[in-house]
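Have a look at the structure below, then the notes.
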Amino acid sequence: MSKEAPLSVAEREFILEALRQDSRLDGRGADQFRPLKISFGEEYGHVKLELGKTSIVVRISSEVTKPRDDRPFDGLFNINLEMTAMGSPAWENGRSNELEAYVTHVLDSVIRRSNALDTESLCILKGVSCWSIRADVHIIDYDGNLTDAACIAIMTGLQHFRRPDAVVRDGQVVVYGVEERVPVALNITHKPLSITFNTFNEGHNIILDATRKEEQASEGELVVGINNGGEVCFMSKFSGAPIDAMEVVTRTRVALEKVKELNAQIEKVMQADLAKRAKKGMAEESRAENDR
Amino acid sequence: MTGPTASLSHLSRADGSASFKCPTTGYNVLGSVNAPIELPARRDALKPEEATVEVFVKPGNTTAGVGERYVEGILRTMLQKVILGRERGFPRRGVVITLAILGGDAVERGDSYLTLLPALLQTSLLTLLSAGVPMSMTFSTALLAVTKSGDIISDPSPVDAKTASSLHVLAFSPKGHLLLNESQGRFDFDTWESVRERAYSSCRGAVITGSDGDIAMGEEGEDSRAEDFIRETVEDHLHRDYAWKIDSA
Amino acid sequence: MSAPLILLPGDEVPSDHLPSNNSNPLKLGPGLRLLSQPSSKSTPATHVLTATQAGLVTTDAKRNTVSLLSFSNCRYIPTVNDLVIAQIHHSSVDYFHCMVTPHTAHALLGQLSFEGASKKTRPMLKQGELVYARVLSIGVGAGAEVELTCVNPATGKSDPGGLGPLIGGMVFDVSTGMAARLLRASSSSEQSDIIDGLAVLSELGKKLESLGGFELAVGRNGKVWVDCSNAGDSAIKATIAIGRCLQTTDEKSLNPADQKKLVTRILREMNLAS
């Protein structure tokens, strides 16, 4: 049950033959992403992402907690991903599956362990209190390439999120409400994204952003986690057919191009949204003044 | 005040889906249903002649806990009553409903989960309609709070709900029968009776029996009634799905 | 025709919407059920038709039927005599076990339920292969098995023609509502370009004729099989173009004029325009 329905022979053969002729079912080129749509909810850090028919919602939240005993200067950051029957009928509610473990691992490595979010900046009072940042990933529609889509959504969320301001006064931690002080942005050190390549036909065809059916017909997968500066923070080739070493090098270059493109797009939609919020905030402020 | 908004069938993998947004409570719930599908691990054994309804509630920014399991239980009993689990293709299969709370604050520890219940009920109803799951009837729900001073507020805001002395969730069938009654807090019978009347009018429009026995719409009937809201959402979507047929006729 | 009538579960079908042809018994389509209201002191027992799904009421005066059209994205539920495209999952001594919709119980297809099949000549279908079949029976009672066939047991012929294994080509997923429309459009005897608001098939047929045309099989379970093997080198591209045209028409609920524009645009994109 926890497996997607297998592809039919006709579908597999057709997808492979089409790729041999450099064609994909949706008419895309091999190195082309599906149309990416990012929008925001009412709160900060609420991101809705659509990558073709794959659809993800990410919510970032924060709370004050006690830091870990062995890391008194560090805040906490966790990525939570739970697959439900909403994303695909093949997934069972309340039970984890292989894909979930795999995607969680990649997201953790690319974003959390590469220190994209500076956890030291989350410390409020050494050993006593710190911010705990939580990213909840809801996969609401699954049509392939979960890792890249989730990565984009989480990184967008982290950059968009604003936490309440907190200060230490006479050894006491004071958290200001959103109305009292302008909430603060998180400290992002770099912007890594994962780029997944799928290989077909003994490594002759390598494509980006595979759909679910393409993933099922694929013989192997290469994931590259890379930031705008070209620093590779994650690379994996878990299973499947072998891939030529030179190919890995050239694909890393392709990944860099893509990450730059995607980060530029994230920046654009985010600035547009923040500008809209600022405008709305000003309007509300002046109205409040008029009321007085 | 703006009324709730909803849309149907925007997910491609699920058999039916709906999103529902309530402006006063701030909740935005996305629901999906897969039905009829094969359930793993022979969970059908208890009722071999009927469909098994499963409900899963996923909070937006916390881990699911006791509160979610509690509302799941209420939803499951309620929906099992209206779903026709013996229709063709449904016996021994599962109706799997997944509800994700995408907007609104998480219910804080110790707070009532009843504020969440109406949004979840409305979403699951729309979701089931969108998937074409056979049902004996629809229903409409209302959330009411009784303040410390004894006033009844319908659709209370989170702050109102927190300070209320009691919270009530009621659901009515289109024929006016009471289908669900969940209350929390301290209240007496008379209060409950007026809560019921208020809920009835917000679900079905105020019905005032005139002196000549005619049933006339009260003033409150001009507000959007919960019942009409469901119907309009469904009609809008069907008009779009069957534009080719309706236009040519 | 009067304004479209939309019902929700539990709503009664008004009697003035029922076909008035009384010579045949009234037939109920999906989404409706007959309830009898118990007799009370003042009124005798009556029967009412109520909806069990949300949908649009449609009637056919000729065949004296009334049915409810629900949302087009619903999951397919096997119904006798429907044509489906099934995928072989595994085979046992007497049967092929087939998948009609994902994540539901397998349907059975007799090893000998093919035209001209005998113990020696029966097709040896492997896992993942596709068959075009008719739903023979859906069984009685809870959890009964669905049985498929590729042959009419009375005549021993594949009826309608074309039932049997589907070799090569490609299947595309569409909504069940779209599948029903495509079936009517492709099997209709009407000599019209637009049937059920669909112009996409006839338009594709015209535009791809020079390439040798294409073969199409539509399954009510939301699958469309397309084969363009006559088109030689452009076979793959032509198949992709047909799939994209059908899926886009479905997803965007395009009207006939837009369907024609879509066909022209996609064929040009794929360099197939003649």
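As written, the chain order gives the labels A, B and C, with residue 1 at the start of each chain.
In this section, a residue touches a chain if its C-beta (ideal position, glycine included) is under 8 Å from a C-beta of that chain, and two chains touch if they have at least 3 such contacts.
Predicted model only: the values in this text are computed from it and were never measured.
Q: For this structure, which two chains share the highest number of contact pairs?
A: Maximum number of inter-chain contact pairs occurs for B-C.
Q: Starting from the Cα centroid of chain C, hunt down the chain whose centroid lies farthest away.
A: It is A.
Q: Calculate how many whole Å lie between the centre of chain B and the centre of chain C, each centre taken as the average of the chain's C-alpha atoms.
A: 33
Q: Rounded to the nearest whole Å, what is the centre-to-centre distance of chain A and chain C, using the mean of the C-alpha atoms as each centre?
A: 39
Q: Give me the residues of chain B that touch two or more other chains.
A: 15, 34, 37-38 - these are the residues of chain B that touch more than one other chain.
Q: Residues of chain A that touch two or more other chains: which are they?
A: 1, 89
Q: Give the residues of chain C touching no fewer than two other chains, as numbers and ranges.
A: Answer for chain C, listing residues that touch two or more other chains: 103.
Q: Where on chain C is chain A touching in the complex?
A: Going through chain C, the ones touching chain A are 87, 99, 102-103, 126-130, 166, 168-171, 225, 236-237, 239-240, 243-244, 266, 269-270.
Q: Where on chain A does chain C make contact in their complex?
A: 1, 4-14, 17-18, 21, 23-27, 89-90
Q: If you look only at chain A, which of its residues touch chain B in the complex?
A: Answer in residue numbers: 1-2, 41-43, 46, 53, 55, 57, 59-61, 80, 82, 84-89, 92-94, 134, 136, 138, 140-143.
Q: Chain C touches which residues of chain B in the complex?
A: 8-9, 15-16, 34-38, 44, 48-50, 82, 84, 86-89, 91-93, 129-138, 173-175, 230-231, 234-235, 237-249
Q: What residues on chain C touch chain B, complex-wise?
A: Residues 1, 4, 6, 8-11, 31, 52-56, 58, 69-75, 77-79, 103-105, 138, 141-143, 177, 181, 196-198, 253, 255 of chain C touch chain B in their complex.
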